[in-house]
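Next up: the structures, one after another.
Common to both upcoming complexes is chain A, partnered first by chain B, then by chain C.
== the complex of A and B ==
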C-alpha cells in the first residue's frame, strides 16, 4: 500500500505522536504557524475572527479587502438566529487596484455609512484582511468616526490573515467583544445567571443548551456568540458565571471578563451524555446556595438519558469494535468526542486538531488508548496515511476532511460549521450516534476498494 | 425597513476571487499541485469552496505568509513551500498563483522561481513550475482561470512542424462537459489537447490507497504540442486573445485561434460542429446528429411550457451570454443577463448573438452583486432564476424557482456531473427548465393534475 511510502515532512515530526508502550514522553509541538507548503487544514487569522463573530445576528459584518474573503464566508456557518439575520449577508469593500494604491479608507467610510443607513444594524464589525495590514488603512479612525456619526458601536477587528494563526483571530474577535461588554445596563439580572460562551448555535444548539439551563432556573444573559445580540453582549458583565465551551476561541474572553468584572468561568462541553451532564452539574454546583438548581439538573439528566438511552443501544450494538479518526478545529472537542464514541462502543485510532495547545495534547494522550496517533495541524496526506494504516471506519471532521473519508471508503460525520442537525445536548448525542451509525453502517461501502469491492 | 440601497460596498457578491480560478485550472494538469503565494487562509477557503461543489479532495498548497514575510518578502517561504510540496506530493508540475497580499508587497515570483531552480535544480526530481499572476483586487475567478491556462501554455508550448491535432481550451466548464467534449473529438477521430482537463481529477472514482495527486489531467507533454497544433478552439465570448492561451499560441506560433461562444443551444452548438466538420472534413457522426434531432423534437414537445417565460440569468459572463442565446431560441426571455464579472464586452457580444435583444426586452448588467440583481428582479418580475447556488438566497426571498447551472452548486447534489454544452447539455438544460416550469404549475394548481 502506498501509505508505507508516505513520510512526514521535515518540521512536522514533532506535531505527530503515536502512543506506544515505553515511549518517552514527547511534547507535541503546537501553537506554531503552519509549515509553508504543507497544505494545512487550517485557515487564517481572519477565519478565526470571522467564525467567532459571525453568529452575531443584529450586526453587520463588513470585510475590508478584495472580494475573496467576503465571498468565501458568505452564509458559511449554520449558525441560526431567532430574529434578525444580518449575519447571513456578505458585505465587502471589494477593494480594486486603485484602492490598493490610494488606500481604502474612504471606500470603507462610504460603505459603512451606506450599509448602516440601509440595514439599521445595532452594531458593525469591520474585519481587516491581509492587504489592509500592508497598505496601512487606519480602520480604527474610520470606525471611531462612523461610530460618532451613526451612534452605534463600530468595532474594528484586526484580523489580517497573515498576522498569526486562527487563534490570533479568536483573540481579535474577543477584543472586539470586550469593547461591547460593560456598555449595557445590568438591571434585572438574577444572581443565578450565566453567559454561555463559545457556543455558536449551529443547527440551533445554543437554544437546546439554553433551555436546559433555564429549566434549572438559571438566567442566560448572553450567548456568545450563537444567536447573538449586541444588547445582550453589552450587558453580559452582569452575569454571575461564564460557562465556556470551545475553549480555543473564548477562554481569553472569559479570562478578561474575570479580570475586569470579577466573573469566574468554568469550562464545559455539550457533546456526549457524560460531558453534557457534567456541564449542567458544574453550573448547579456553582450556584450551590440554591439546592433546587441541582435538583432540577438531576431531573433533566435523568429524564433525557432515560429517553435516549434505549435507542442508543441499537447503535452501540452495531458500532461496537469500529474505529474512529477525529480531526477537528479545537482539541477540547476531541475529548468529548472520544468519550461520546466510547458510549457507542467505538475506539479512537487517530485524534488531532488544528489549534490544540500543549495542555490539550497532554490530556489527549492520557485519554487515548495504546496505538492512537495524535496530530497537530495535520494535512490530507498525513490524515489519509493514518486512516488507512489504522483501519478507521469513520472520520469526524469538517468540509475539507469529508472527501478524504469518502474517497477512501470511510464513513464521515461533519462536526463543523456546516452541520444542519444539532449534535450538542442529550438529543445531540442521539443525533450524533444516529449519524455515525448511518454513515459507518451504510451498505455502499461494500463497493469501496478497501473492502475489496472493485477490481 | 430598508431604505436606499448602499452602492459602495459589494453585497452578496456574484463573483469569486482571481486565485480560485487559477487553482481550478491547475487541477486540470496532470500531476500538478496548485500553490498559492499568500496567507494560509486563501488556500484553505478556496479548497473548502471547491470541495463543496466537486466533492473531491482538493489539495492546494500555500506559502503561508506571516508578519515577517509580509515585511521582508515571501522568497524564503515560497522556496521552503516548493521544497515541501515537492517532497510530499512528488508533483511533475507546480502551478503557482499569487494573491492580493503577495501582489501588493510586490513579489517578483518569476525571479524567486529562477533562484529556486538555480539553487536546487540539481536535486532530482525538480518539478516544472507554472506561474500565473492573479491578484484578487483585479477581475474575478474567471480571469484567474484563463491566466493559469495561458501560463501553462506559455511555460510548456513548443513550436515545430504542424501536427495533426487541435487544441481545445473550453474555459470553466463542468467535468461532465469536459468528458462530453472529449467524446465528440474522439468520435470525429480528431487528435486533440484539451486544457485544462479536470474531468477525472475533480470527478473520479474511489481510491484503494491515498493518491497524493488524483489521477487524470492534461499531461505536461501534451501541453508541449499545443505550439504545433493545426488550430486552437477556444470557447468564451468575452475572452480576449491577449489574455487567452489560444491568443498566445497564435501570436507566438501562428496556431490559428478559433474563438467560439460556449456551445449552448442548437445554434451555437451547430457552429461548433460545423467547425469540427471543417477541420476534419468529415460529417458530424450519426450519434450527434441523432442527439440534435432528439433535441429539436424535445423543443417541439416542450415549447408551450416555456414560451414567453421571463428568466433572470447570472454567472460568469461567457456562460450567461451562451445561456441567453439558448433561452432566446426556445422562447424564454432572459430579461436580465447579469454578471459579477466586468470585461466590458458582455453587451456587445450578446448583441452579436441576439441582434434584436433590445426589442425583446433583454437587458444586460455587468459588475453586479446579488442585491443589484434582487432590485432588478423586483421590477422585472421574472418567472425563474437561472444560475449558480449563490442565487438561492434571493430565490427563497422572492419565491422564484432556481435552475442551478455552472459553479458553484453547493446546495444540490451532482453539480460536477451536470451537462451544459453541446446538444446533450442543451437537452439536459431544456428538460430541467421545462420541468421547473411544470413543477411550479403543478404545485400552484389546487386540482392536483397528474398529467401536466
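== the complex of A and C ==
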C-alpha cells in the first residue's frame, strides 16, 4: 500500500513517511506547530511544563490563569510520591474578567502568601498560562517579592500555551529547575553518583530504577522529577553524571548542567530488557575505575532476566506474528518500544510521535521494517486508517488514542500518564508483555464486528 | 492521606481556588456541539485547550472525542486569530467534511479581541463555507462563568443561529436539554415517545458519546440533533428548558427570535422535578399521560415508601453543577434526607435564587457558589459538620477516603467508574437508580460498621 493512496490532511504529506524499497532519504517535517483546523493529538507549552514539574511533591504548584488549566491537570498523572503530596492538589488564581482587565498580579501575590502560610512548602512554581502572556502580568516580579518575604524559592514558569509547542514547555520547566540547582550543599555526595533525569515515577517506576543503581553502589542524588524533592534538586549539581531518559523533556537541562557545572550526561531508556540493561551498563562503564560497579550491573541484569524471561515465553508464543502501532509523545520511547515488542514476537507497522525531531525520525526509519509507516503529529483519521489498513492488533498510545483502538477492535496499552503498573525496568518489561498479551488476546474482540461479531 | 492538609478552620480566602468544583467555559461548548449531528467542534485558541477538553471528555465517556483547534501561535496572539480561523474552516471542510462547524472561543482569543461573528461572516463572504454547510459560534472566554455557562452559550448559539420562523407553526415542542448525560437525553426522548409528544430535543449527545463498538472509528457518529431539526425549532409551538442555567438562555433566545413561548423547568431529577416535567410536557404537547408512566412513577414511590426508614435524617454533602444540584437537593428533601453542605463553582444569581427557594425547607444548609466555592471549602465544612453521604464527581473520592464517608459518583467528570453514559438519572427510572445507589451506599456502610450481634440479614 502506498501512502499516496491514503487521503492525508493537506499539508501533512511531509509529516508521514512509509519505508519502502529504494527510498532511503527520510525528511519528515517535524518541530512545526500543527496546522490550523487539524484534529491534532498534541497539547501546548503549559502542558509540557506541567508534566515535567508536576511530580515535585513538596512544592506548591499554582496555575496563574482562568480555572481550566488547573482543573484539567488536577491529579491526572500518576506520578507517585513516597512522602508529601502537595503536587496532587489543584491551586489556581481562577482569573475572572476584572482580573483580565486590571491584571492578576495582586491576586497571584495574595494567593501565594495564603498558600505558603498554609502549606509551608519547600518551594513554589508559578505557571503562566496563555492569558498572562497577553495581559502582561510581571510574574517574575511577584515571584521575587514573595521569595524575599517568605524565604523559599519561588520560580516563575513561562509556559504560556501559545508560545511554541509542548517541547518549549519542557524548556521552560528546565529553566525553572536550573534556578534551583546549585543552591544546595553538595556535602556527602560520593564520586560514584548520578542524577536520574526524565523519569517521572509513574506507577513508582523511579523507585525501581533507583534501586538498581543503588544496588550497583551508586548514589542517586536527585530524580528529576519523579518523587522529586526541592532539597535534592538544589544539590543535584554535586552528582558526577546525569542519566537522561525521555529525550524530549530533559535533554536541555542536562546540556545546561554540563555547561554550567561540567556534569556529563548519557541518554538511556528503561523500557525493555535490551535498553534497561544498556542503561545500567552505560552508567557502570562511566564509573569504570570501580570494576565492582560493572560486576554488580551484570549480576542485576543476569538475575532479573533469568527471573522474568521464562515467565514471558507464554506471552511471546501467543503474540508472535501480531502487529503493533505506536503513537506516543516522545520519539525516544518509540525506539525502546520497537525493541521491546520484538522481544515478544511482535512487529511494528506504524510508529509515530508528537514531538520527535529529524534525527529521531532518521533513526526510527533505520530501525523499522519495510512497509512501516512513520508519522509526526498525527490525528485520529490517519491513525485509524493506518491501523486498519496495516491490520494492527495493538495500539500503544495515550488517553485520546485508547477509545479509538477499542472502537476499531484492537488491543491497547497506555504508555503515557495513565499506565497503572510500572512499565520501566525488568519487571516493567514483564508487566508490559503481560498487559499487551491480556489486551491483544482478550476474548472481547471475538464479539467485535471486525473479527466476526454476530453472524 | 492526600487531603490531610485540609484545615478545619474556615478562613476567608482572597482570590485563591483550591481543588475547583468547576472548570472553564470552552469544554461546555465542546460538549454541547457534540450533540449536533455531523458537527465538528472547533476550539479557537491554543492547541492545549482542545487537547485538554478532548482528554477530559474521553476520560468521562471512554469514547473518542473529535474536535479541531486553531493552534494559536505567538504570531496569532499579536496579529489576531482571524487568519488561523479562516484557514481552519477551509481545512476542516476540505479534510474532515462535517455538516457543521461549531466554533467556540477561549480566554486567549477573547482577550486579543477576536470577533467570532465577524470572522465567520468573513468566511462565508469569502466563499470558504461550502453550499449547504454551516459554521456556528459561541463566545466562551474561560474567565467568565464555568463549563456550564459555556454549554449554555453554545446551546443558545444553536437556537439563535439555526432557528427560522416560517410563519407556520408546527405541532412540535422544543425540549432544550441542560447539561446532562447521553443516557438522560435518550430517556427524555423515551418519555416523549411514551407520551406521544412530538419533540425536538437539542442538543442530543445520545448515539454520539455512547456509541457502539462497530469495528470502525466513526468520525461523526449517528446521533445528534440535525440541522433541519434545529432550523425547525423556530416553528415549534412551545419550548421547555430543562435547567435555569444551562438551558433557559436558549429558550429566551428562541422566544426573542421566533416568538416561541417557553417554560423553564428544573432538570427532571427525582420525583417532584419529574412530575413537573411530565405535566408540563403533556400540557405543552396536548397529550395525556399514559397509564404506563403513572405506573412507573408509582413504582418509584413504592420503593421510597418501602425503605423510608433508612433515608430519614441522613446528612448529605453535595458538589457539582447548578441544574443537577437543584433538583437533586429537592429529591433528597423528598426522601427525608438532610442536604447540609452544597458547593458549586458555577457563579450566578439565577442559580442562587432558585437554590435558595429549594432550600427553604432546609434552613440549616450551607450553600456557596462561584468564587472560592471549591472542594477545599466543602471539605472544611464536612470537617466541621460530618455527613453520612457525599455526592459529586470523581474528585470527591479524596474527601470520601479521607473522612471515610460513603460516596456516590454523580456529575462531571466521572473518571473512574462507568454507568453515567448508559443509565439515566432523569425521570422516574433515573430516580429509582439514584435511590438504589443511595441505599446501596448507606446500607453497605451500615453492614460494614455493624457489630456482630447487630449485623442484620433483613433490611
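In the analysis below, the second predicted complex is superposed on the first by the 445 of 455 C-alpha atoms of A that agree within 3 Å, B and C clash if a C-alpha of one lies under 4 Å from a C-alpha of the other, contacts with A are read in each partner's own complex, and residues count from 1 in each chain.
Keep this in mind: a contact is a pair of C-beta atoms (placed from the backbone, for glycine too) under 8 Å apart; a residue touches a chain by one contact, two chains touch by 3 or more.
Everything quoted here is computed from the prediction, not taken from an experiment.
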Exercise for the section: Check chain A with both chain B and chain C modelled on it and let me know: fit or clash. Expected result: clash
Handout entry: Partner chain(s) touched by A:189 [first = chain B, second = chain C, both, neither]
Key = neither
Practice task
Kindly classify A:441 by the partners it touches after superposition: chain B alone (first), chain C alone (second), both, or neither?
Solution key: neither
Exercise for the section: Considering only the touch criterion stated at the top, classify A:305 as touching first (chain B), second (chain C), both, or neither. Expected result: neither
Practice task
Considering only the touch criterion stated at the top, classify A:85 as touching first (chain B), second (chain C), both, or neither.
Solution key: second
Handout entry: Overlap of the chain B and chain C footprints on chain A, listed as residue numbers
Key = 9-10, 33-47, 65-75, 88-97, 99-100, 107, 110-111, 114-115, 118-119, 129-131, 133-135, 161-164, 380-381, 384, 399-400, 402-404, 406-409, 448-450
Exercise for the section: Within their complex, state which residues of chain A touch chain C. Expected result: 7, 9-11, 33-47, 65-76, 85-86, 88-97, 99-100, 107, 110-111, 114-115, 118-119, 129-131, 133-135, 161-165, 380-381, 384, 399-400, 402-404, 406-409, 448-451, 453
Handout entry: Complex contact set, residues of chain A against chain B
Key = 1-3, 6, 9-10, 33-47, 62, 65-75, 88-97, 99-100, 107, 110-111, 114-115, 117-120, 129-131, 133-135, 161-164, 379-381, 384-385, 388, 399-400, 402-404, 406-409, 447-450, 454
Completion exercise
Interface with chain A, chain C side, in the complex: residues 2-3, 5, 7, 13-20, 22-24, 26-27, 40, 42, 45-56, 58-59, 61-74, 76-77, 84-85, 87-92, 94-96, 106-108, 111-112, 141-144, 146, 211, 213-219, 345, 371, 395
Handout entry: Complex contacts: residues of chain B adjacent to chain A
Key = 2-13, 15-20, 35, 38-49, 51-52, 55-67, 69-70, 77-78, 80-85, 87-89, 99-101, 104-105, 135-138, 140, 205-212, 390, 393
